[in-house]
Amino acid sequence: MQIGMIGLGRMGGNMAKRLVAGGHQVVGYDMSPESGRDVDSLEALVAALDAPRVVWVMVPAGKPTDDTITRLGELLEAGDMIVDGGNTRYVDDARHAEELGKLGIRFMDCGVSGGVWGIDRGYALMVGGSKEDFEFMRPIYETLKPNDDYGLVLAGPVGGGHFAKMVHNGIEYGMMQAFGEGFATMVRSELVDDPAAVMTSWKSGSVVGSWLLDLLANAFKDDPTLESMPPVANESGEAKWMIEAALELGVPTPATAAALYARQTSRGGGDDTLRVVSTMRAQFGGHVTKA
Amino acid sequence: MQIGMIGLGRMGGNMAKRLVAGGHQVVGYDMSPESGRDVDSLEALVAALDAPRVVWVMVPAGKPTDDTITRLGELLEAGDMIVDGGNTRYVDDARHAEELGKLGIRFMDCGVSGGVWGIDRGYALMVGGSKEDFEFMRPIYETLKPNDDYGLVLAGPVGGGHFAKMVHNGIEYGMMQAFGEGFATMVRSELVDDPAAVMTSWKSGSVVGSWLLDLLANAFKDDPTLESMPPVANESGEAKWMIEAALELGVPTPATAAALYARQTSRGGGDDTLRVVSTMRAQFGGHVTKA
Amino acid sequence: MQIGMIGLGRMGGNMAKRLVAGGHQVVGYDMSPESGRDVDSLEALVAALDAPRVVWVMVPAGKPTDDTITRLGELLEAGDMIVDGGNTRYVDDARHAEELGKLGIRFMDCGVSGGVWGIDRGYALMVGGSKEDFEFMRPIYETLKPNDDYGLVLAGPVGGGHFAKMVHNGIEYGMMQAFGEGFATMVRSELVDDPAAVMTSWKSGSVVGSWLLDLLANAFKDDPTLESMPPVANESGEAKWMIEAALELGVPTPATAAALYARQTSRGGGDDTLRVVSTMRAQFGGHVTKA
Amino acid sequence: MQIGMIGLGRMGGNMAKRLVAGGHQVVGYDMSPESGRDVDSLEALVAALDAPRVVWVMVPAGKPTDDTITRLGELLEAGDMIVDGGNTRYVDDARHAEELGKLGIRFMDCGVSGGVWGIDRGYALMVGGSKEDFEFMRPIYETLKPNDDYGLVLAGPVGGGHFAKMVHNGIEYGMMQAFGEGFATMVRSELVDDPAAVMTSWKSGSVVGSWLLDLLANAFKDDPTLESMPPVANESGEAKWMIEAALELGVPTPATAAALYARQTSRGGGDDTLRVVSTMRAQFGGHVTKA
C-alpha cells in the first residue's frame, strides 16, 4: 500500500522503516532536511501520492498537529484519508474529523505505543473511526502491529483511539509510580542489600513481571542505584487528560493522579503549597523551617 | 493546687505561667539552666512537692519522655500523679501507665493544642485516663483550658488523650495542605491578581473561616507571596501515627496522607521514585530527563 | 441602589432580603410563582428597572445561567450591568463578558460564600471584573458582605471571582475531608469513648478551630454518631474544576483530589476499578471475593 | 534434599509437589486430615526427618505462624533449619530468629510469589538470612524458582526476604489499581466500545504489557464487563505494612496508598468520613444528601 508519513522523528521514522520492510511504499516528509525525507514539502508529498491518498500524521500533539491537518485539508481531495498517529488529545479528534468531513476527507485517530522498541517488536495500535475506514487501512495497521494476535484494536468511533491510548498511558504512569515507590522504600531500608538485584529477580515467576520491569532491569545493569538519573520526571500530557476525563465521568483515579502529582511536584508545582504549610506552622507553633 | 512542671520550653514554660496566673503553685524544672527553672534536678523537684505529688511532663516525645517517666517512677511514691502533656505516641501511654501502676503511681496522658498562643487564649486539652483521676486533676485542666465551655475533654482511657491529639494534628495537616493547594493554584493563575488578598478576605462570611486562616492572614501582612519561606515543610510525627493507626483500623485517610506525603516529598523522600520513573521513560521512549 | 435579583432560592432569596434590609430597592424574579417574586418574567424585571439597570443572576450554574444571560443580553441596553453570582465555571465568564461586551452591557462575576447563614452573617464575596465596575457595584457588595473589614475582594479580571470561589470551595472540600477522616479514625478506636465530644471540645483553644467545626458541633447535638446521615456525599462541581485548573497549571492538589474522589467513590465511581482488582486477585491467587 | 513442609494449602501443597518433581524428599504436614498429609502431627514430622532437619513453614501469617515456630523451637534441635515462607510481617522475623537462635536453630525468611501458577511457572523467591544459610538451602530454592536466570534473590539479612516480598506486593497493588482505573474510565466513556477488547489488545507491543494484563485478558474471555465480580476487594496486609514501613522511612507511597484505600473504602472504611462531609454540607448549605 502507498502511504505518506509526515514526521520522521523517533516514532515516525521507525514506523516508516517497518512499513517499508513490510512491503509498503512510503513517501516520507519532515520539516527537518536532516530527517532523510523523501520530499521537502507537504505539497510535494501530496503530489507524490496516488488518489485516494493515505497520509499518516506523526508530529507533536497540539499546534503542530493542528496546523498539519489544516494544511492537509487544503491540499488533499475528497476520498483521501488522514490518520493522526500522534499523541493528540481525544477531544481534538472530533473537531478534525468534522472539518475534514466537510471536505470529504476521511479521518482516523490512532494511538501508538511501543516507543523506540516498536520498530522490531511492533507497535500496539488503538484506532478510532468507522469500521469501513478501519478495513481500508488494515494493511498498514497489520504491518505496524506485532506479529501475533494482539496489538491492534478498533477502540471506537473517531476519538476512541486517542482516548484508549490516553488511558493506556495513564495506566503506564501508575505502573511506573508503583515500581518507583517500591524501589525507593527498599533503598532506605537496612533490610535490603541491593534493591536493583531484588527487582531484577522479579523478572521470572513474580506477579509484577512486565515489560516495564524488564526495561528497568536493563537499566540497573549500568546503574544499580539510578544515581545517574536526576530525581525529577517530566509529564507528557496524557495522564493529565485521563484524570480530567475521568473527573468528568465521575471515576476516581487516585493512583494515576498520585503518579502525575509526583512528577509535577518534582518540577516545583507544590512549592507554594509547602510555603503555606510552613508559614502556618511558624504562626501557631513558632516552628522554624530551614530550607 | 501544687504542681511540678518538667520542661519549660515554648509550651511548658507558657503553661507554667498560665497556671501561676491562675493561682496554682508551680515548681518548674528544665535541663537548661537558662530556662528560669525553680529547681535544678528531678530529685529537687520531687523534694519540693507535697504528697500526693502532681508532676506534669512537657518534654519532647520519645526517649526524653521515656527517660523522664522512668526516672520519676524511681523518685515518686504511691499515690503520686504524672501527667504526660507532650506529643507522645499513644501506644507508649499504656506501657507508661502499666509500669507506673505497679508502683502505685497514677498516670494520665494529655494532648495539648494551642501553640505559642495558648498562654493567652488557653490550651485545648484532650485527656486520657480514669474519671477519678480526671476529677483530681480538674483544677489544673480548668486553668489551662480556654475561658469558655470548650477546650477540655476526657477522651477515653489511658492513651485516649494522645490518640485524640494525634487525630487532631492529622486534621490540622489536612487543613493546612488544603489551604496550601488553594494558594498555589491561585498563584499560578492569571485570573487572580493577589492570592493573599483573596485569602485574607475569607476571614469573614466564608465557609473556610478558621483560626489557621486568621494566622495565615497575619503572615500575609509581612509577606504576601510567602517567598521568604522555603518551599519545604517538616513533619512532627503525629500525622504519620494517625495514618498508621487508621490503616490498622481499616479507615482510609487519603487527605491526611496527601498532606504528610507533600512534606516528606519536600525533604527528598520521593527522589528515588522519580529516578525509577525517568529511567523507565528513557528506556522505552528514549526520553531524556534534565535536572 | 436599585437592583434586579434573578433567582430567589436559598441563596438569592436571602441575599434579596439582606439587600432590602440594607436600604436597597430589590425587584425579584424567579421562575417559580411560589418564590415570592415581584415580577413574573424577565421582560417585566427589565421594565421595572431604571437605566443603567443592575441585574444580579443567582440561578444554577450551566445551562440555566447561560440561558438567563443570553436572554438578558437581548433585553438589556448598553450601559446596563449584569453580575453573575452563581457557581458558574470560571471559563464561562470570559465568554459571557465578550458576548455582552459586544452589546455594550457590562459584566462582573461574583463568587458568593456563606450558605444559609449568610443572611445574618453576611456573605463572603469574590469579584471578577474591572476596578471601575467594582466601584460602581460597591454599594451592593458592601451590604451583602459581613459587617467587618473582611469578606469582599476584587480578585482579578473577569473570571477571577469565580476562579477564587472555585478555589475557596476546593479548600472547603479538603477541610471537610480532613475532619471526616479524623472522626472516622476515632470512631473505630477503642481509645476514644465519644468522638463527637472530643471534636466539640476543639471549638476553643485548638489549632483546628473553624466555622466548619462549629457547624459540625451543632450537628453532633442531635446525632453524635451521625448515623442518621447516609455514608455518601454529592459533589458540586467546583472541586472538580479546581483540580482540572490546577492540573493545567502544573500544581498538584492531592488533598483536594482525595476529597473529591471520596465523594465520587461513595457514588459508585470506583466500582469497576475494584472489579478489575478482584478479578486479577482471583486469577493469580485463586482468591475468592465476596460482596 | 529432605524437607518437611508444614501447610499444604494452595501454596504449600503445590510447592511440595514441585519439590517432589524436582527430586526432593518431602514430608508434608497440615492440620487438616483431608490435606493429603504424610504425618498427622508436628511431632511426627520432626521424627520423620533426619538431622540436621529442614522445615518449611507455609501457614497463614500472624498467630498460626507464631505458634508453629514456637512449637518447632521446642521440637527441633540445634543445627536444624526453619524457613518461614508465609506472608509474615518482616518485623516478626527478627524476633523469630532471635528466639530460635538461642536454641541454636537456624532461621531464614522467604517471600514467595507466584500464586496458583507457581507449580508450573516456578515461584519468585526473596530470601532473608545469612549467605551461609542461603547456600545450605540453595537446592530447595533452585527447584522452587523458575527455570531461567531470575526468580531467586538473597535480599538481605533476616527479615529482608519478607521486606522485599512486602514491597513486591505493594507494587502489585499499585499496578492492579492502575489497570482498574483505566478500565473504569473506559467503561464510562462513549468513545470506547469494548474496554475489554482494548485492554486485551495491549498484550503485545504495548508499554503496559505484563503478566497481570495477561491474566486480566484471560478473565475477559468469560466476562468482558466483569459484572460477575462484586465491586469490592479485600486486602492481604502487605500493602498496609509497606505503607507503614515507608512512612517510617520518610518515603511517600501515594499510589500504593491509593490502591489500599480503594480496597478499604470498598469495605466501608470511609463511611464515617462521608457522614461528616454530608453533615457539614447540610449545616452550611442546607444540602440534602440521599443514600
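By written order: A, B, C and D. Residues from 1 in each chain.
Here is the rule we go by: a residue touches a chain if its C-beta (ideal position, glycine included) is under 8 Å from a C-beta of that chain, and two chains touch if they have at least 3 such contacts.
Predicted, not measured: the structure shown is a model, and the values here were computed from it.
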item	value
Residue-number overlap at the chain B/chain D interface, same or different (half cut)	same
Between the pairs A-C and C-D, the one where more C-beta pairs touch	C-D
Reference chain A; chain at largest CA-centroid distance	B
Rounded Å distance, chain A centre to chain D centre (Cα mean)	33
Distance from the mean Cα position of chain C to that of chain A, given in whole angstrom	37
Rounded Å distance between chain C and chain D, as computed from the means of their C-alpha atoms	46
Residue list for chain B, restricted to those that touch at least two other chains	115, 177, 179, 181, 184, 188, 207, 211-212, 249-254, 257-259, 261-262, 265, 269-270, 272-273, 284
Chain B contact footprint on chain D (complex, rising order)	207, 240, 243-244, 247-254, 257-258, 260-261, 264-265, 267, 269-270, 272-273, 284
Chain C residues within the chain D interface of the complex	10, 115-117, 176-177, 179-181, 183-184, 187-188, 211-212, 215-216, 218-219, 223, 226-227, 229-234, 254, 259, 262-263, 265-266, 268-287, 289-291
In the complex with chain B, residue positions of chain C that touch it	90, 113-115, 118, 121-126, 128, 145-146, 148-157, 159-160, 163-164, 167-175, 177-179, 181-182, 184-186, 188-194, 197-198, 200-213, 242, 245-246, 249-259, 261-262
